[in-house]
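Shared between the two complexes below is chain A, which pairs with chain B and chain C, respectively.
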Partner chain A sequence: MELGEQLVQDAVSLTRFVSSIVDLCDDRSSASAHLQSSERFFAYIKELSSATSVYVAISLKQKTTPTDLLQLRNEIGILRVSWRFLHEFVKSSLDADTLRLPTALVQAIIERFREIPKFDDADFVIYHSDQFNYLNVRLDVFKQQADQISSLVSGPQFPSNLSIVGIPYSQASSLFWNCLIPHELGHYVFGELALAVKFKKEIESELLKRIPSGITPQQRGQIIELLARWMEELFCDVFAVRLVGLCFSIAFTEVFDTAMFLEVSGMLPPGGSRGETEFREYPPDLLRIRQQARVLQKDGWWDTVQSLDSQYANVLMAAVGLKDSDFRCSALQANPVPVLETFFAVLPNLEVELEKAASGLQVCAQEWKDSADIIERYLEYGIVPSTLRRSTEGENFTPSPIALLNSAYRFYIRSMPALMGRIKDADPNDIEKRIRWTRRVENWTAKAIEDVLLLNGRPTK
Partner chain B sequence: MTVLSKGAIQDRLKLPGEHEAALVITPLLDESKFDQDSIDLRLGTHFLLPQIPPQPYFDQSGARYAKQTYLQLHAPIGSYFVLAAHQTVLGATLEFIKMPFDLSGEILTKSAVARMFMLIETAPWIHPAYRGCLTLEIANVSNASILLYPGMPIGQLVLMETAIKEPPVELSGSYVGPVFPEAPNPSNARDQLNKVGIEAYRRPGHGWVREGQMRKDLQTLLNSVSPQEKTSLQRLVEILTDTGALPSDSSVSDLVK
Partner chain C sequence: MFAKSGDSTSSLSLALGSRLAIKTLVASRGQVHIDNQVRSTVLDVVASLNAISMQGPLFEHLTAPSNFERYEQFELLAETQSAFHDRDLKGRLNAILTDTNIEERQNNIDLAIDFFTALESRALQRYNNAVNPSF
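Right after this comes the complex of A and B.
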């Protein structure tokens, strides 16, 4: 077969492939709506697709010499690889329509995030992941693929302020567990502020102070990469706590079942090394919780933690007292390189970077405390707590979405029996009924957040 | 029964939400939406569109009724929903309402909406102590499609005093908390008739069923057969149920379980 004919077939194949992705965006059911950020993403994909098709069609006509044709074949190959990469995110973002997302929660978290002056125009596309994990797509990787297409076909650049976050599809309806989303926004911050570079330098510097002779540059590089990954995870955790407060840590302890570390007494088992088998790609959960607890202390949440009669609060209280030396890992400590020692030498910089990254963001604990009790009282009486009133003489006021979220989460872990006690035939020990009323509380909270955004002039979409 | 005036409604709104006599309406986007004896309510953002059922009717005598599918829709504020001519849809008020223990309410179609030949409510009564967004049975009875904009004023809430003196000790679960339109979950019509002694009914596609007589005859038969024969009878009833000859929730089936 002639090269020209081969290329026509390749071009047809690529164009059909790209069109099939875009057709999904066009064939959306009128029943679904999407976040504005998702609409921007779909518009970008359509524009990029259009530019790809036009480029391939024109190139095929213009390129006639064997050298040109070979170059075009190479380009078609590159385009196909990059479009395959984008392919993964289109359908999964379409699936995450406003009926299959905690839309009000996402909107509230993004609004809160934008209170940080340097991120005041940031936006996030949410997609459904089939992994049971929350994911931030690495923007550098995504942009590399997307911009590879753009540069070849003279298409649009990927919007600079847009990031992509995946949530487990099964968790789409849960308000409380999706309080983990702010961690993924932390990854965006980490990338935007190039904190990996910063931490790697610090790690290297600490490592060089301790490094034994005989270590290869490759080994050194691996250790730096590993410790930088741990720092990134921890940064995202503490950033999430600063952003939304206690609800993040409670969601973390609930979803990752960290209360299993505790004995029935609510204490950690005495002695023993913490994290022995857990220093892997991520740092151990107990260490993550300790770092979160430290920010909770600093931000004024700690009295609330101490007053909570809950296994989730117990984990936080148990973890906060752990010293660096309590964390051990025989496998790492058998290594001649003092990996953990280096890591704990760098760790104090975490909070330094948090302060810089979240500069301008008001800590939300006090605002929450001012309205928490009344929000929870409204929930106990089955009332959507978007317009609150303390007394007949007082004025109506609307709480912030973050106050609503934290109050509702606290209500869920300590006051469901009080609500169900007011309802006929609602036995709080009946699992099905408890789930039903938990969903109701989540719905009331989501509705209240929607109302507040509407009252503040930012309707949910 | 006295209809509450604007001032009386506002007085109720001033009570803290958990107060038994408090009225809560949230969000209140526009304070000017109070009339002399009513308050305007707006259209919410979620809808349930009835789908064409697999059989050519809604049968509320069978369990299937509760499982009739509805297409769930979300039209965010600023968007719209097209309600075709002669089409119906379930919607809800944007406002969440908590009724005082001693007031009843009624939601009426706003006259401007009614004059477009759109009805919003056929079960307009709101019981004391109710709390939730009100489900609206919206029907476009005109000959043209109508665009429904979430957030638009669509109904009027009128409140009336009742003779109820004491707040309820417990709230009924069905009255607490919907924030979206809720699909119907009617009590089985056959059960309701059974309660008043009517045990013969006409079953769509199957003709008359005399359930009381069937149950009596089957019971007599069961009392007179051997254990092996009883097993065969159980299997027979299972076959009749599986093939639809007997309703799956029939009390006759219960006899052999």
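Right after this comes the complex of A and C.
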């Protein structure tokens, strides 16, 4: 087969593949609705698809020399790989329609995020992930790649303020565990503010002081990349705490079972023999909790932690007592001592960057404290807490979505027996019944958040 | 709790960056003057080649956006460079910006295209291995 004919076959193959992805956007059921951010994403994908098909068809007519045809073959090859990359996000975003998303919660978190002036027009596409994990497709990476693909085919630019967040498909209607979503918004911030480059420079400077020679630039690069990844995860954690408060840390300790490290006494065992203080690909959970606790203390949440009778609060309090020297990195091939010294030398800059990144965002602890007890009293009586009244004579007021979220989470971990005690045959020690009533608490809270967003003039779609 | 910007995506990003560099270089063939896009493409790769070959800082020169911001990308660059070790790669890339002899510059641009093609191919292979390890 001649080269020209081979190229025709390659072009047909690519165009068929692209269509197979994009046709899904057109074949949606009329009953399904998506967030506006998702609709923007689908529109972009369709436009890019058209640009890809047109570019390949025109190039095929224009390129005639063997050299040009070989270049076109390579372009078709990389376009195919690029569309395989995009493939991951189209169906999974289509799956995340508004009936299969905690829509009110997502909207509330995004609204809260937009209170940061520099991110006031940011938007997020949510997709369902098969993994049990929350994921952020970093805009600085995704947009760069999408725009590179577009540049090849003279297609559209990816919207500059649109990012993509994956949630486990199983959590489509959950409220509490989705309190982890703000961590993913932290990844967006980390990318937008180019904090990776900033931290890498700081890490490298500190590392060269401690290991000036004896390792290759490649080994040094590997260490820097690892430490920068640790910094990123920690940054996202503290950013999430600043954004939504204690509910993030409680969700973190619940989802990742960090309380299992506690002894019966509620303390952490000394020595870290079970690996709980080991850095691996990511920082140890206990360090992550310790850093979160620092922000909880700073932002005025700590008295709540101290008064909460729960294993989740206990692990937060226990982690605060950990010193930098308690942490290890046994898996590291290089000498871990100067590497960890480097890391802990840069770590204080995390909070410096947090303050800059979240500049303009009001800390929400006091606002929550002002309404927490009353929200929880409403929940205890099975009332949707959208419009509250402090006393029979008092005026009505609406709590913020973040206050609702934190109250509901605290209610879930300490007050379910109080709610169930008011209901006939609802034994709080019966797991099935407790799950059922927990789901109701989540539903009441989600409804309240939706009401509050509507009352504030922010529709949830 | 992950950012999807790890090994695989940075490899794809590098492959795409290389492909765009090739397009730019191909378009510059036969032109009398070197345009800014070719200049920044060449300067970016030369700065990164310098960074991996010296004992100084790897990341200090970074001013985003660059095709080489992550360790995996430096690693692919080093790997590709070693396949061109006998071709005075850095010198000839630099010469693209300074050559006044069009024929010599053309030869150097051809070398740059070969280099970026090799980089693109290696980056794509790494990406494919990472996302489809069982195929």
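A few points about this structure:
To be clear about the criterion, the second predicted complex is superposed on the first by the 432 of 461 C-alpha atoms of A that agree within 3 Å, B and C clash if a C-alpha of one lies under 4 Å from a C-alpha of the other, contacts with A are read in each partner's own complex, and residues count from 1 in each chain.
Here is the rule we use: a contact is a pair of C-beta atoms (placed from the backbone, for glycine too) under 8 Å apart; a residue touches a chain by one contact, two chains touch by 3 or more.
Keep in mind that what you see is a predicted model, and the values were worked out from it rather than measured.
Within the superposed three-chain model, A:L3 lies out of touch with both chain B and chain C [touch as defined at top].
In the superposition on chain A, A:F190 contacts chain C only, with no contact to chain B.
When the two structures are aligned on the shared chain, A:V141 is found in touch with chain C, with no touch to chain B.
With both complexes superposed, C is the one of chain B and chain C in contact with more chain A residues.
Touch criterion not met for A:I435: it reaches neither chain B nor chain C.
Once the two complexes are laid over each other on the shared chain, residue contacts for A:A331 go to neither chain B nor chain C. Of the two partner chains placed by superposition, only chain B is touched by A:K424; chain C is not.
Applying the stated contact rule after C-alpha superposition, one finds that A:K447 touches chain B and leaves chain C untouched. Residue contacts after overlaying the shared chain place A:T387 against chain B, while chain C stays out of touching range. Contacts of A:L455 after superposition: chain B is touched, whereas chain C is not reached. When the two complexes are superposed on chain A, none of the residues of chain A touches both chain B and chain C. Chain C meets chain A in the complex at residues 1-5, 9-10, 12-13, 15-17, 19-20, 22-23, 26, 51-55, 57-60, 62, 64-65, 69-72, 74-75, 78, 117, 120, 124, 127-128, 131. Against chain A, in their complex, chain B makes its touches with residues 14-18, 24-29, 45, 49, 71-79, 96, 98, 131, 133, 151, 170-173, 176-177, 179-180. Interface of chain A with chain C (complex): residues 71, 74-75, 77-78, 81-82, 84-85, 133-138, 140-142, 144-145, 148-149, 151-152, 166, 180, 183-184, 187, 190-191, 194, 196-197, 200-201, 204-205, 208, 213, 217-218, 220-222, 224-225, 232-233, 236, 282. Taken together, the chain A residues at the contact with chain B in this complex read 31-33, 97-99, 377-378, 380-392, 422-426, 440, 443-444, 446-448, 451-452, 454-455, 459-461.
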